[in-house]
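Both complexes shown next keep subunit A, but they swap its partner, so subunit B is in the first and subunit C is in the second.
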Partner chain A sequence: MTQPVSPPRGATDKAPPAGPRPAWSTLVFRADVRTLSLLGVLAALVAIGGITKPDEFLDTRNLQLVLTQASVIGVVTVGMTFVITSGGIDLSVGAIVALASVWATTVATQEYGFGGILFTAVLVGVGCGLVNGLLIAYGGMVPFIATLAMLASARGLALQITDGKTQIVTVDGILDLGERDAYVFGVPPLVLVFAAVTVIGWLVLNRTTFGRRTVAVGGNAEAARLAGIDVRRQRLYLYLLSGLCCGIAAFLLIILSGSGQNTNGNLYELDAIAAAIIGGTLLSGGRGTITGSVLGVLIFTTITNIFALNNLQSDVQQIAKGAIIVAAVLVQRRTASTT
Partner chain B sequence: MAPEPPLLSMSGITKSFPGVRALDGVDLDVVAGEVHCLLGQNGAGKSTLIKVLAGAHQPDGGTIRWRGEPVTLRSPIAAMRLGIATIYQELDLVEHLSVAENVHLGHEPTAAGFVVRRGAARASTARLLERLGHPEIDPARLVGELSAAQQQIVSMARALSHDVRLIVMDEPSAALDPDEVDNLFRIVGDLTAGGVAVVYISHRLEEIRRIGDRVTVLKDGRAVAGGLPAKSTPTRDVVALMTGRNVEYVFPERPAGPAAPVRPVLEVRGLAREGEFAPLDLTVHAGEIVGLAGLVGSGRSEILETVYGARKPTAGQVIVDGRPLKAGSVRAAVAAGLGLAPEERKAQALLMLESVTRNVSVSSLSRFSRAGWIDRRAELGAARAATRELSLRPDNPAVPVRTLSGGNQQKAVLARWLLRGCKVLLLDEPTRGVDVGARAELYAVVRRLADEGLAVLLVSSEVPEVLGLADRVLVLREGRVVHTAPAADLDEHRVLDLVMEGSPAS
Partner chain C sequence: MSHLPSRRGLLFGTAAVSAGALLAGCTSNEKSDDEQPAANDQPAADDKPGRQVTIGFAGPQADHGWLNAINENAKSRAEKYQDVTLEITEGSNDTAQQIGQIETLINKKVDVLVVLPADGKALTQVGLKAMRAGIPVVNLDRIFNTPQAYRCWIGGDNYGMGLNAGHYIGEKLKDKPNARVIELAGLDNLELTKQRTQGFDDALKNYPNIRKVARQAAEFTVESGQAKMAQLLQAQSEFDALWNHDDDQGVGALRAIEQAGRDDFLMVGGAGALSAFQAIKQDDGVLKATVLYPPTMAASAIDLARALGQGKGVGGLAEFEIPASLTLYSAVVDKTNVDQYMPTGFE
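The block that comes next holds the complex of A and B.
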C-alpha cells in the first residue's frame, strides 16, 4: 500500500514560515555570538590601550600603524583560513613570505621596477603554493608534512639568495607607497589592500561555489568526493590560494620595510593559525570565518601595540597571546556544547 | 541456597539529552547465568541504557543495584571493576596495537610496576583466544590487519581478560557470517554455563529465540515489557510491543504491469574487482527497482561503489544511456546521471555541520551559480522544492542536517540526487538507522521516484526489504550472482537458502 506515514501532501504545500521579512540591517549585521564576543574583546583592548596610554594609543598615527602591521599577517591569515576550513594546514606561509620578499628585491628583479617586484612576489608565492598543492592533492602527502618541508626549503632558499644580507629597495614607486602622501583619506594603501583581500575572501568563502566546496571538503572529504566534487583539484586550488596570499603579503612587507630579508615572516604560520582559531575557524575543518580571522589578527596586533607602548617586553606578550588562545578556545567549546 | 538477589537490578533509570528524553524510567533485572535480550527499534533507548550500564553515561535518576547493593557507576573503570564489560557495536580497538596489547590495554601485566611483560600478555591472550574458539589469531598481530569478525573476537577476549560477571553485547552478530554466529552462540553458551550473565542486543528475532532466556522490550525510552520468555513469546506480540503496531513493514504496491517499451538506463557488463566480486552483468530499466540480496561480505556494497566509480574495476564496464563511463571516476558517474545514497550516511554522504539546503545543493552547485557566484535564493528555493517533494521533516531546509532523524537525513541525501536530476539511483542499505515507521515512508518515496522514470539499484542485508521493494532480485553469494528472479517469485526462506547454500536449484 502506498501510504506515507507523514501528513498528506496538501499540508506540506503551504507557504514557508510566515512573518515579516527581516530588515536589511539584520541581514547584513546578523552577527553571531562568537563574532560579538570577539568584537567585545577588541573593544576591551582598545579601552585598555586608551586608559593606559590615552595620548599615544588613540593617536591617529598609532592606529594607522596598528592597522598597517595587521595588514601583512592579515592577508596571510585570510589564505590560511581557507586552508584550515578545508581540513588542511599550511606551515610554510612565513617561509614563503620570506622567499617571495627576497626574490622580489634582488638587484636583478629591481631593474624591472614596480611591476617586476609585484609580479615576482606574487609568482613566487603562487609557485610555492603550487608545489604544496601538488604534493598534497596528487602526491598524497599529509599537509602538515608537505608544508613543513616547504617551510624548511623556502627559508633555506631565501637565505641562499640573500646570503643573510638585507636587500634595500631603491625603486621609488614602492617606497612612495609607504609614505604618508600615499594615504587615501588617512588610510595607508597597505590597509586598503588588506581590506580588499578581506572582502574578496569573505565573498569567495560565503557566496561562491569555490567557498562551498572548500567547506564541504573540510567537513567531510569522503562525502564531498561521493557527491561528485573534485576534492583533489579543490585542495590544489586552496594551497595555490594560500601561496597567492603569501605573495601579496610579501609585497606589502616590502613596501612597509623598504627591503627584503630572509628573516621576514618569522613565525607567521603560528600567528596566522592562532588568529584563525581564535576567530572561530575549526582546526578540524568544515567551518571557517573570515570575519573571525580578521578580528583575531586585529586582537593580536592591538595587544602587541599596547604592550609595546607600555614598555612591556615581548616575553610578556607571548605569554598573553598563549593565554588568549587558550581562553578563546575554551569559550568556544563551551558555546559549542550549549547550542 | 537462599533466594539470591538478581545480579543486576536497574529501576526507574532516566536520562535526558538536550531536547530528548532518551530513557524515561527503565527497569531491567538480570540474573546470573542468563542471556537477557534487549529489543527495541532505533532510538528506543538501547544504546543509552547500555552506556549507563557501562558507566559511560550518568543517569539523571533511578537506582542501580549490583548483587543487591546500590552502586554508582561513575566511569567505565568503575563498571569494569564490578565485573561489567561491554562489547560495543562499533569496535573500540586500537588498530596500530597488537592483539595482546589491545586485550590488556589499561591493565597490562607488568614487572616492577611499569615494564610490560609482553610474553605474559601474549600467553594469557592466547589462552583467552583458545577459549573463544579462535586459536588461529596470533596475539602478536596488529589488530588493524584482522577481519571484522576476528576483531570482534579480540574485543570479547578483552572483556574476558577482566574478572567479568556481566557482558553486554551490542548487536554482536551484525558483522558476522553464519558459521561465525554459531561460534558466537557457543561462546555465549559457555559463558552463561559458567554463571556469567549476558545482556544481548539484536534486531534478529531468530537469534533471540535460539540463545535468549528472557526479553526486555524498550520503546520510546521505556521498558514496555520486562522478562518475557524469549523462546515462547510469539513474534507477533514482540513486534507489536516494539512498534505499537502489528505489521513490521509496509511496502508500496508495484505498478500493475511493465509500462510501454522499457528502456535500459544502467547496463553493467562483466564488471569485476579481483578478490571482491566476480564478473557481473546486470541491467536496470527506467522505472525499475533492481535489488541485490546477500549477506555481509557477499560483495554487495563493493558492487555498488564500483558501479559508481568510487572503486576502480579490474574488468568490465558501466554503461549509462548507451554511453560507457570512464572507469573509476565518481565525477564521470555523477555527470552521467548516477547518484549514490551510501551505507554510512554520516561518514559518506552528509556534511554534518551544514544545513539541509547546503547538503542538498552540494552536487548541483553549478546550476545555481554564474561564474562561481551562488544565487542563494534560487538554491534555497530548489532545495525547498526537492525536500518537500520527499516530505522531509521539518519543512525548513535551513535547519542543520544533524538535527534530523535518520529517515529524514536519508531523504536529504535522496533530495540531493533528485535536485541533480539523476537517472540512476544507487541505494546502499537505505533504511539503516531508520526506524520502522519512517521506513514505510522511505519505501513509498523510492517507489514513487521509480514510477517517475528513475532506475534504482538497491542493496540491502534485510531480505524482506529487497523482496518487498524491488521488482527484480539478484541473489549474491561470495561475490557471485547465484540467482536472478522477479521479486514476486521469491520468498524470504528461498533467498536465505540461496545466500547460505548457493545452490540455484530449479
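The block that comes next holds the complex of A and C.
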C-alpha cells in the first residue's frame, strides 16, 4: 500500500486530471476508497449520535457547533498534512498557535483593533514557520528536533508575554465574529475560513506544481533533487505554510474564545498528526490527502461531541477515543488492501 | 493549576479553627474584670518590626493566573515588613530543578522556607532535608507526603469549594421543583477535581428537589472551557444552575454561553479571578457568584514564616506558636460582598 509517487520527469506542471495513464487512475481510485471508508466511519458515528441523542445531535445548532469546533484544529491539520506529505513533521503547531494568539491579544496589539490582531496573528505564525523552515532546510536540522525546539521556545515566549495571565479581548469587531449574528446563511464565519483553507489546500496539493513537488520530496528527496527540484527551498516553503496555517488558526481561536492564553493550542500537534494519519496521509511522506485529513478532524470532533452529549466522563472518553482510532485505521487498511 | 489539599489538612484545619473559636469563647466569658488570662500575653506576630528573618520562597512556574497571583502575594507581603528579606527562586515545574533550588536555599541557611511544590509527593524528601537541617518549612497548598516534612501546612479547601458552591446553588433553587444542575469540572486527572466534585455532590444531597443532570471536565484553560461548555449547552436545553470549577476556564465558558445566546440559568464560578469579580459586580450576565480558592494564602504563608522565624504565635489565637495546619475557607463571593474581595482577584 505504500507507493511513493515517482518524481515528475520534466513536465511537472501538466498532469491530466483523469489521464489515460493507469498508474494515475489507480491512485485516484485508491484515494477514493480510503475516503469512502472514512466517510463510512463518520456515517457510523453520526448514526450512533443520532440513536443515542436524536434531539440534541441531529440538530442544525449541533452541526454548526461541531464544524466550528473543527475549524481551528482543521486549519492546523491542513498545514500539517503538507509537511507530513513532504516527509517532515511539525511538532510546534500548538505552541505557535499559543504564541500567535497571545501576541495578537496583548493590550498594545488590541489598540490597533481588528486589523492589528489579524495581522499580528498571521505574522507571528509565518515568522515561526520561517524559523522552522530555515533551521530544517538550510540549517540541516532534523524536523523533529527543530520543531521540538520551536515548541519549547514558543511556549516559553508565550508565557513570558502573558505572565500566566488570561488576556481578554475587548475589540468588538473580533468578538462579534464569534456570535450567532455573524453567521452567513447559517454558516459560522470560522467554518467559512476552514472551508476556504481546505479548498485552497486541496487545490494546491493536487493541482499545482507546488503540490507535486511536495509529494515528490516526500516520496524520495534525493530523486526529487536529481529531477531538478530545489528540495531545500520546497521545505522552507512547507514550514512557512504550516506556520501560516497556525497563524490563521490562532486568529480563529481568538474569535472563538474571546481571549488569548499561553495554554492555547495544547497538544494540537498530536491532534493534527493523528487526524492526518487517520485520513490516509503517510507518516513517512510521499502521499497526502487533504480530504482525508479534514475527514479525520471531523471524526475526532464528532466523537468528542457525541461523548459530551451523552455525558460520558473523561476516563471513558479517553479509552473510547483510543479504541476508535485503532478501529478507524483498521477499517481503512482493510478496504485499501482489498482493492 | 493544581492546588493539593488533603483530608488530613481539612481535619486539622477544622480542628484548629474550632479549637480557636472554643478558646476565644471561653476566654471572653470568664474573668471579665480580672487580669488578662495568661494566653493573651503570648507574643503574637504583628506589624511591629521584630527580629530580622530571611524567608526562602520556592514555587512552581507561574503559567497560570492563580499561580502568578501566588508569587505576587508572597512578594508584596514580604515587602510590607521591614524585618523580612525574601529570597525567591525562579519558579519551575520541573521536580529536579525545584529540588535543586530548595537545596540552594537550604545551603544559604535561610531562616524559614516557604514551598509550593510543583508536585507535593515528589518534593517530600527535600522538605524533610530542610527540616533536618533545622530550617522550618511552611508547606503551601500542595501537601507533602508526611507531616515530618513541614512545620506548618497552609492551603485551600477543594472539598469546601464544592460544598459551598453546592449550598449556594441549593439555597437559590430550594423552592424550585425538579431543579436541574450541571457541572463544568476542571482537569479530571487531578485529585483536587475529584474533591471539588465530591463536595458539590455532597452539598446537593441536602436538596432533594435538585438533580445534577450533566458533568463534563475541561482543562482549566479558556479554550477547553469554551469547547466543553458549548457541548454542555447543546446537550442540556434546559437547566437551572451551573457550577464551573475554575474562573479561567470560566472565561471560555461565559463566551460559549454568550455565543449560544443563553441566559436562563445561574452560574457560580471558582477560584476568584478578577474578571469573574467584575462580571459579578456588573450583574448583567449569568455569573452570580464564585467560590474562592484564595491566592492570598501565599501572603499568609509569609506571615506564618515570619512568625516562625521570630518565634511568635499568630495574633488572634491563644497559642504560643503557629498552628501545624491551616485550611482556608472557600468563601462565596456574590454581589453583596464582591467589593471587599475585588483587590484579591487575579488576572
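Operating definition for what follows: the second predicted complex is superposed on the first by the 296 of 339 C-alpha atoms of A that agree within 3 Å, B and C clash if a C-alpha of one lies under 4 Å from a C-alpha of the other, contacts with A are read in each partner's own complex, and residues count from 1 in each chain.
In this section, a contact is a pair of C-beta atoms (placed from the backbone, for glycine too) under 8 Å apart; a residue touches a chain by one contact, two chains touch by 3 or more.
This structure is a prediction, so every number in the text was calculated from the model and none was measured.
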If we overlay the two complexes on their shared chain A, which of subunit B and subunit C does A:E111 touch? Say first, second, both or neither.
neither
Touched partner set for A:L256, first subunit B, second subunit C, both or neither
second
A:N311 in the overlay: touching subunit B, subunit C, both, or neither? Say first, second, both or neither.
second
With the two structures laid over each other on chain A, which partner does A:K165 touch: subunit B (first), subunit C (second), both, or neither? second
Item to complete: Mind working out whether A:R212 is in touch with subunit B, subunit C, both or neither, as first, second, both or neither?
Response: first
Interface residues of subunit A shared by subunit B and subunit C, listed none
The answer for subunit A against subunit B in the complex is residues 1-7, 9, 12-13, 16-17, 207-210, 212-213, 215-216, 219-220, 222-230, 282, 286-287
Subunit C partner, complex, touching residues on subunit A are 53, 55-56, 59, 61-62, 65, 68-69, 159, 163-166, 168, 178-180, 253, 256-259, 261-266, 304-305, 308-311, 313-315
Subunit B contacts subunit A in the complex at 250-253, 308, 310, 330-331, 333-335, 340, 342, 347-354, 358, 361-363, 365-366, 369, 372-374, 376, 384, 388, 391, 393, 395-396, 416, 420, 437-438, 440-441, 444-445, 447-448
Residue set of subunit C touching subunit A in the complex reads 61-65, 67-68, 188-189, 213-217, 219-228, 230-232, 234-235, 237, 248, 251-252, 255, 258-261, 273, 275, 346-347
